[in-house]
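Which chain is which? They are A, B, C, D and E, in the order written, and residues in each are numbered from 1.
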């Protein structure tokens, strides 16, 4: 019964993967047909010795790590806030959840042009109204800007999951801790956070999957620059594949990314597998 | 039959889509299906398709960069049946030469552009200067400094800074030509270690630091246009098509204060810092609808089409930069004050001999080899980092030199 | 057994929550407002928040534009592709998740995790091979092709979500059905599926949203016939020509359907998103 | 220390009045059991005492001092919840030690006290386990451990045994009773189990719709229920209640006779009936007998009696043990 | 129709042998109860009969025919699960009618049968409700309705009452017994509740670690337990088991005496002890007495006896009712 979907996925994985591996050993540029020849590990050599590669690797990890940190911590804070008694909780939830539905391209365009732009953007206007020098977000802090944009998109996801988990916390457990003399902080540290650990694991897992391949936001806002400051692995491969049309190089990059993703996946899944078991 | 036409989403192309009834009138059996996309997306998709022989499109909108490369690969159908009244010789020679290979025209220009200086006459006056016919970079830098009034958000000069081979590198390559620099020597050795490039980049960075707007390193055409239109730029060197936007009172606050001048050059260097670009229509090899496609291209790039636009939307909106006859038309000259400057700019660019020193490639603001998109963007990233102050000019040039050498070695150009 | 809360405390929390909610929502609100401005007002400084001349011109332009096809063409493609891929995904995933949940083997967990890890591969890496495959199969620019791709892309998540739902269904009920004489198919149709309806619904929703917003494959494998709203947006973000207001209007039109769907179904969605993390 | 006094305590949830007005005194060291039908307000009353709900009116005195406005943690009470409410992510040791940790007690001191409590509750071998690795009865004991560790003035139990199976319930019942004797602290215990109430309580409080129907020792309630409600509620199997003509004969609108207070015979007796179900437990026999003109009554006999489904038997109520109730259902 | 025979049935889960080898015959129309400690294999055995698990060895004959390899649905059995396993998305009507629908019975016929079943079970008013709108007892009845509607040869019940509260349990117990009398179908009933086993069974099967310890009628097991295990298992409160010197006096390594078979006195008797806990139920009194040199024993007296915690009492066992066991724990 598992067979159909597993087979399909297998095909989905294996066929292009095999082709990619094959291409990665070819000197193959789409724009120069007829010149394909076996190139050994040349493509890998060039990809791995590209100075941009380590920058991209670092940026990828920083991006994923920071967004995870922001969304998980922010998600907990927001979930705790939403859990307080208030009027119009439903509406606030609707406001908070909305960024999750926005196409990445659209949100990148909006942030870049209408918010972060140092001259016409709203942030600049606010800074100027307060008598401060507007920050040139995308030039001086490109990776941070992208982290902000991506975190904005994923914060609702984290909030929602953590909020739901929070609501599932047994009321009697909270009362028991009150009887035991726990104040708000102790309650948070000893009762609530441990209860949320499973939800946080899910957030980390799912977000990591999507964050490893963040791409549209970078393309629209900074084009990976200035320099390679906001280039991540996916974007680097994109540059190989769709700017240079260097299929060989991009394939090698793809394979490297696959291997790295699997290393991440391996640790993540071990961590999470355990947490999801119980 | 249905033609699938891939186009970019600029104003002229959109206008053409609205005028297709005219084409349908004379060709009732041909249906048109438009694929309108943002430039970079379009380029990616069209290239992927043509290179893998996907056969998705019958008519392509491609730039002057692609035409020679693709023609050489045999990916384009030569346009030899454009019709008797098409008048190929009317096409501007600079534009036409970039689209011609072995005496065959592989793409028909829909509109062409160069770059020039747009400046605020009022600010220039206030600074006590007048724009010379052929300004030099030192004049520009000086004027920019004098026009700048940061407290009131007036910046002397706005230039492209966003990384990309078609973004900052289009401007910087053109600028470097006017400084006497070149991308490669005759042996395809990168030239970023030469003083001319250092001169170029230093001038650019210093000028922008002193008189440019904040955030310049992520500014492209649109961002600068917005700045200029809202009165925040003293001078702007960019595509000639911008002229019609900045002089349009509906969108621009400064419509009546704009002057135009030829792109600058360095004292003693004969080349100007302007580029040459055209959007062209071409037919991919392997299209099964070559005849219909050619009919369409002929219609869209004909004089008749110009008249059609003039009739519907006025002469100012006719696609510029392709035909001599347009610039000789007094009605156009009257409607478009920037006509002469555009023509001069286009004519002063020579894609076959873009620089002072000899080069092994064609292209004014690009190098027409397949690797250029990647290299150009990577170098562009370095230069935009220098502009943002993230690396020094020397460092940026050094990085550019080494990464270009790498890629050229990989590409087999440097043995 | 909630305790009574003082109104003053409630008011304080309400204020804080509304403020933060508003801040998070602001970029979307801003886009929405901008879509009613003229291009000039859209870049005006200082920006005007509500007191500008409201115009529907941008929407008028979009709905009557002759750029390729009309908005509705893209919209329909988006609907067909996202719903189609989700339905296909469910048809494949339900039996698989059923098998994993109710007759697990030693390797079930590994298979699941492996499925998830396939989602971590960068799609650009396999674009060219896939493009070639699609060309040879004649699937370029076809809705079927996109449905297939998106089905496969989202399959791991669908399988996992369903798996966690099915695990919550007590095995005794399925055994009861077996005692009652239901065959395997009938068991799935009459008992399992209806019981998992909330779970399936939320899986469906999440996947419609993911598919709706998927911008890489939908953009690269289509030209016109099958192009969805992501392509529509791509035709509005131009490096040459100033379209902030129009872009805002186009963005609003592209995201509105899914935002509204998301809002209406948020309860379902929340359940779906939690992947059984929260019981 | 440890006496609890409720003065005119009332509680409403919005419109709904759950406890109209209630006075009650529980003495130091007493084991007091609240019983009553589901929804009658037992848990609510307990939670008011614990401070988990605010009273709508009246005062709560703990140990003579007004505790109405104190926080739960300041009242010096400990509570054992029906669901145990153990902290699932903490080991047994941490669970039991948690109240001490919150009180800022030193690590060594905590360890000592936790181990003492574990010894009392036979949990020493399980200190490092997580709650989910324990059986129901063990979890129950951990919950109790968490309550006793800080030597509270008074224990509150909300149906602590209702999640356990029958055999375990019997054991835990004895353990709690023994513990009560050992610690001597006041305890308030909510249950709906007859046997628990009867065997554990010093004092039973019968609640109905937020009102106290009767307060007294188990045997007081058994022997002299104040009204029909208490009569029907206390005792298992339930008292047979008869009305109409039969009752008139005994001079009251309603009379009640407990199953164990009738005499059975196969040959003669006051009422003749047919056995509907005969339940032979070995030690006892329960007969459900259909009596002409009276209806079905339950009779109980010690040991075995050889009757089966369908047999005819005679039943004689023990008049001395008959309960008589007036029109309003009050005992006469 | 309806007889069930197990021949050398065995079952292992991987390495773990749950049922080594077991023979059992259940006659047509019999009400057979499986009892035994938790984990002894009761449910497994029931599920083997149902066909929900495959046997590892041996044969299962239903009604004389080999059913070992038949699908659950082909065996003509109906099962009532501990959790009821109702289909939550179907109305009561559809729940009860589901087996008929699966069997391809006509719509009209289904309706008729469902309504008949509902009438028997007093569910007529609830036919259109969803399970979640029903009380525990009603849900239980729906589960039974689903079982009886297709007139199976045999009913299988797996602890069907363990999720109900005490009062409901008593009622449902009577209802199932009555139903059994009415329908007369063979029933196999798993429980760990003493009272259920004693009152409902025609035949009790005592299981221990997958082996049958004894098969017999409730009173047979009560009076003559075959071994120590059965003696300790059957009867509530448990039989007091004594060994050592005391037992030697009665001429056996171990002797057992049930709590109800001792005589209590405050003045004289065979053994002197101190009351540890006295549980006064009104109808009975349970005393847990610590006797010097013997240990703690439980005694039961009808009605009340005025003893309290700490009192000294004398206990005299009824020698006629003493059970004697040899070295191997078998009854002598």
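We take it that a residue touches a chain if its C-beta (ideal position, glycine included) is under 8 Å from a C-beta of that chain, and two chains touch if they have at least 3 such contacts.
Chain labels with UniProt names: A, C = Sorbitol/mannitol transport system permease protein; D, E = Multiple sugar transport system ATP-binding protein.
Since we're looking at a predicted model, the values are computed, not measured.
Q: Which contact partners do subunit A and subunit E have in common?
A: C, D
Q: So which chains count as neighbours of both subunit C and subunit D?
A: A, E
Q: Look at all chain centres (mean of CA atoms) and spot the one farthest from the centre of subunit D.
A: B
Q: Counting in whole Å, what is the centre-to-centre distance of subunit A and subunit D, each centre being its mean C-alpha position?
A: So the centre of subunit A lies 56 Å away from the centre of subunit D.
Q: How many Å are there between the centre of subunit C and the centre of subunit E, using C-alpha atoms for each centre?
A: About 53 Å, centre to centre.
Q: Could you work out how far the Cα centre of subunit B sits from that of subunit E, in whole Å?
A: Using C-alpha averages as centres, the distance is 90 Å.
Q: In whole angstrom, what separates the CA-based centres of subunit A and subunit C?
A: So the centroids are 17 Å from each other.
Q: Hey, what residues on subunit B touch two or more of the other chains?
A: In subunit B, 40, 44, 48, 52, 153, 167, 226, 230 touch at least two other chains.
Q: Using the touch rule from the top of the page, what residues of subunit A touch 2 or more other chains?
A: 30, 113, 119-120, 242
Q: Enumerate the residues of subunit E that touch no fewer than two other chains.
A: Residues: none.
Q: Touching residues of subunit D toward subunit E in the complex: what are they?
A: Those in contact with subunit E are residues 162, 165-167, 170, 174, 177-178, 181, 192-195, 198-199, 218-219, 222-223, 234-237, 258-260, 276-277, 279-283, 286, 288, 300, 302-304, 309.
Q: Where on subunit E is subunit C touching in the complex?
A: It is residues 50, 52, 71-73, 77-79, 81-83, 85-90, 98-99, 102-103, 146 of subunit E that touch subunit C.
Q: Which bits of subunit A are touching subunit C when the two form their complex?
A: Interface residues on the subunit A side: 1-6, 8-9, 12-13, 15-17, 19-20, 23, 30, 78, 81-82, 84-89, 91-107, 109-111, 113-115, 119-120, 122, 125, 129, 152, 155-157, 160-161, 163-165, 168, 171, 198-199, 201-202, 205-206, 208-210, 212-213, 215-216, 220, 233-234, 237-238, 241-242, 247, 250-251, 253-255, 257-258, 261-262, 264-265, 269, 273, 276.
Q: Please give the residue numbers of subunit B that touch subunit C in the complex, ascending.
A: Those in contact with subunit C are residues 4, 6, 8-11, 14, 17-18, 20, 33-41, 44-45, 48-49, 52-57, 153, 166-167, 220-222, 225-226, 229-230, 239, 241, 245, 250-251, 253.
Q: Enumerate the contact residues on subunit C facing subunit B in the complex.
A: The contact residues of subunit C facing subunit B are 39-40, 43-45, 65-69, 127-128, 131-132, 135, 140-141, 219-220, 223-225, 227, 231, 234-242, 244.
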